[in-house]
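I'd like to ask some things about the structure below.
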Amino acid sequence: MVSPGVVGFLGDKISMENSLSRVLDVESLCVTHYVRRTSARRVPLHAVAGVDMHIQSGEIVGLVGESGSGKSSLSLAIAALGKVTSGKIQVSGHDLTRLRGKSLRHARADVQMVFQDPHASLDPRQTIGGGLNEIRKLHSGRVSKLTNEELLLRVGLSPGILDRVPSQISGGQAQRVSITRAMMLQPALLIADEPTSGLDASVQAQIIDLFRTLRVDSGLSILFVSHNLAVVRQLCDRAYVMKEGVVVESGDTKTIFESPKHSYTKLLIDAVPGKNLKLAESGL
Amino acid sequence: MRKLLLTFRKISLWNRILLFSGFGLISTAVFAPVLPLADPNGQDLESSLYPPAFLSGGSIKHLLGTDLLGRDVLSRLIFGTRLTVVIAVSAVVLGAVFGSVLGVIAGFKGGKIDSLISRITEAQLALPFILLAISFIVARGQSLGTLIFVLALVGWAQYVRIIRAETLAIREKGFVLGLRVSGCSDFRIIFQHIVPNIFGTILSLATLEVGTMILAESALSFLGIGVPPPGVSWGSDLASGKDFITMAWWLVTFPGISIVLTVLFVNTAGDSLRSHFDSRKRIF
Amino acid sequence: MKFFRYTLKKLGGALITLVLAASLAFFISHLAGDPTVQMLGMSATPEQIAELKAELGFDRPLVVQYGSFINELAHADLGQSLYAGESNFALIQSRIWASIQLTMVAMVLGVVLGIPLGVYAAAREGRLADRVISSLAILGQSIPVFWLGLMLVLLFSITLNWLPAGLSGDWKNLVLPAVTLATIPLARVSRLTRAAMSNTLEDQFITAARARGLGNKRVLFVHALKNASLPVVTLIGMQMGILLSGAITVETVFAWPGLGSLATQAVRNQDLTLVQALVVYGAFLFVIINLFVELLYGVLDPRIRDARQQ
């Protein structure tokens, strides 16, 4: 169970000034990879072909699409982890893609990311506590003032795992650790790339709950990338649907699901097992 | 200390034997000067070419006989251990460090740097080892330092390929992305995170190489460009003994047996070490 | 057409490797400065040193020396022997046949004996025969090959007097050095064959058990052999480089008039250019053999050609 923090996840008061500003502003983003199809030619692959996106403070926005739609390239680009070919990305007003070296590393605290495979995102040889301390060292100015124990408690983990290595904790626990590592930097935006795909259904529900709490407690904005429509519908205020590098539909989640405009969106929705979405609504 | 004792309990009988033998080998090498042995370089022309004590004509004073200059064979065997071990281990460490660093950089950075490093490594591997060693030593003059350097030069290329593959595998695993998003610099990622994870592999490779180094050193000493006198080396003893093979077979037999036994021991110990690491690979 | 492209690619790669290797050889031997001091000995006067330097061209800046080195290489000129004054290339050519003889025979022996031994060991996996063969192979890789040569001479020439140790001009001379040298590929090939066969046999047995169609043991064997042959072919290519190194010491032991003893001579005479020429020539041989193996691969296994295209 997650302890509801009255003063916010990180022990700081929620700043009201930013509540109406844009946390993420993406304009005409293109990401082109060059792939060797044959030994002679390198073919350009337009993973992201002109995408516009924005996220307000405190929103949870979904990014939906099948594999190959470009959503991973998009999220990596926003997190300044992946290539950007052209276009603009602004996180809380700064453009991370223009930064290099030390200034980039410091600015990363603004946009954090958790990944699909919880165990693969952690150094197998480093203890959980060691990892948290390392982040503290790297961002000494900006990092949360809470102790490691307090941080873990906020996500529902026992401080006992601080001395363990990733192989000694479960997938759900590892994912919470990743979330802790991200949240301790007090980011404006958290990108969650299929964070629950590798987890059991019951654990999935807990993680989803955790995201909700984070939004409430810390004014966090979340970009939730997933191919699981049921979860997106549950969690997100708005959503973007991507196909082959472009956004085919976007808007209010409720509207998208009840009256999808684009044929592709309709296809995706129809493909969800159990058209009776009432089940999804009540259960999770 | 307690951890050491606990680990010792877990070691099988076979491994304990190896451990003790290794200890014995190293102690003999270290304490050789204080053991009741004849001076390995002490010439006594009157005792020239004595056969081993168990044959007629031999004497108790020289258990394994003497060479042309009356130097005691047994003593030379034992003193030969010192330089052999020092040279082989130094060369391995030097080569391993250099080769592993290059391998990690090649695997981590990819692209042009990777191609460059791979090309140079391939080129190095194309050069037949002894010829390479010969050309360097002839140019530079014979010395202990040169010898170690040359051996390291010959060995480093082996590491690059394997370490590069390991690094690539680690990159695939994804925690590099996680570290990057937390703000780790490339330098930090390589030295604090990747290297500890491949250390086991480096160690395994290195143990394999020690045997090869011993054989290489003896070959070079045999050709007259290895250990400079008055250093005692089994290889050079073989070279000088070769001319008397018809009348003093012991000069050629015993140094060779020493080489074989040492290499066998090192390889077997290396095998055990390797399987020990393999079984614990996950946690390590 | 695809094969032609493949060949061209491999050729290009080989050329680059060769140039890089030769350059490495150049820089390594010139890394230590020039050998004139070494050549003239301790009592040389500065004038003598300077004179020799100029005569041999060591006073030029390194880049210029490198330039002329590459230029000469392109014309198949490997320089002059510092000691004998003759063309290095000619010296090498006069000895190469003897080395090729020795190496070829050793390689053939090693492979012809190694493969059956490996197969046999795999067939009798875990049993005495396997353990003996595997242990012998490991032992073989722990023995300095020149010492083995000496021991064989001790046993067969001196004690038993079956074979000559010195040069007597007929095939009998070849036996001991060839057998000695053969242990290198023998050990490796038998170990590798055993491992490859063992793996494939496992797969085959499992498949056969599943299909419940007994396959004749013989059929399974032949299949396994085919699969196992590919890595062995690669190994043979790689072994040539190691054999070359081993041949140097073996030739010294048996006074075999090949490149190996030429190298030893060069060492004794501090003949830097000859040594460098030998290194380049050695690299050349290695690269050629490798190229040949890779092309052979392309012929034997079309999948590799096409896979490489991606």
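The chains carry the letters A, B and C, assigned in the order they are written, with residues numbered from 1 in each.
Rule of thumb we're sticking to: contacts are C-beta pairs under 8 Å (C-beta built on N, C-alpha and C of every residue); 3 or more make two chains touch, one makes a residue touch a chain.
Source: prediction; values computed, not measured.
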Chain nearest the overall C-alpha centroid of the shown protein atoms: B
Chain whose Cα centroid lies at the greatest distance from that of chain C: A
Chain A and chain B, separation of their C-alpha mean positions in angstrom: 50
Centre-to-centre distance between chain C and chain B (centres being mean Cα positions), rounded to whole Å: 22
Interchain centroid distance [CA atoms averaged], chain A/chain C, Å: 55
Touching residues on chain C, where the partner in the complex is chain B: 16-18, 20-21, 23-25, 28-33, 35, 38, 138-139, 141-144, 146-147, 150-151, 153-154, 158, 241-242, 244-245, 248-249, 252-253, 263-264, 266-268, 270-272, 275-276, 278-279, 282-283, 286-287, 290
Complex contacts: residues of chain B adjacent to chain A: 173-175, 177-185, 192-193, 196-197, 282-284
Complex interface listing, chain B residues touching chain C: 119-120, 122-132, 134-141, 153, 211, 215, 218-219, 222-225, 235, 238, 242, 245-246, 249, 252-253, 255-256, 259-260, 263-264, 267
Residue ranges of chain A touching chain B (in the complex, touch as defined): 79, 81, 101-102, 105-106, 108-109, 112-113, 115, 117, 120-126, 134-135, 138-139, 165, 167, 178, 181-182, 185
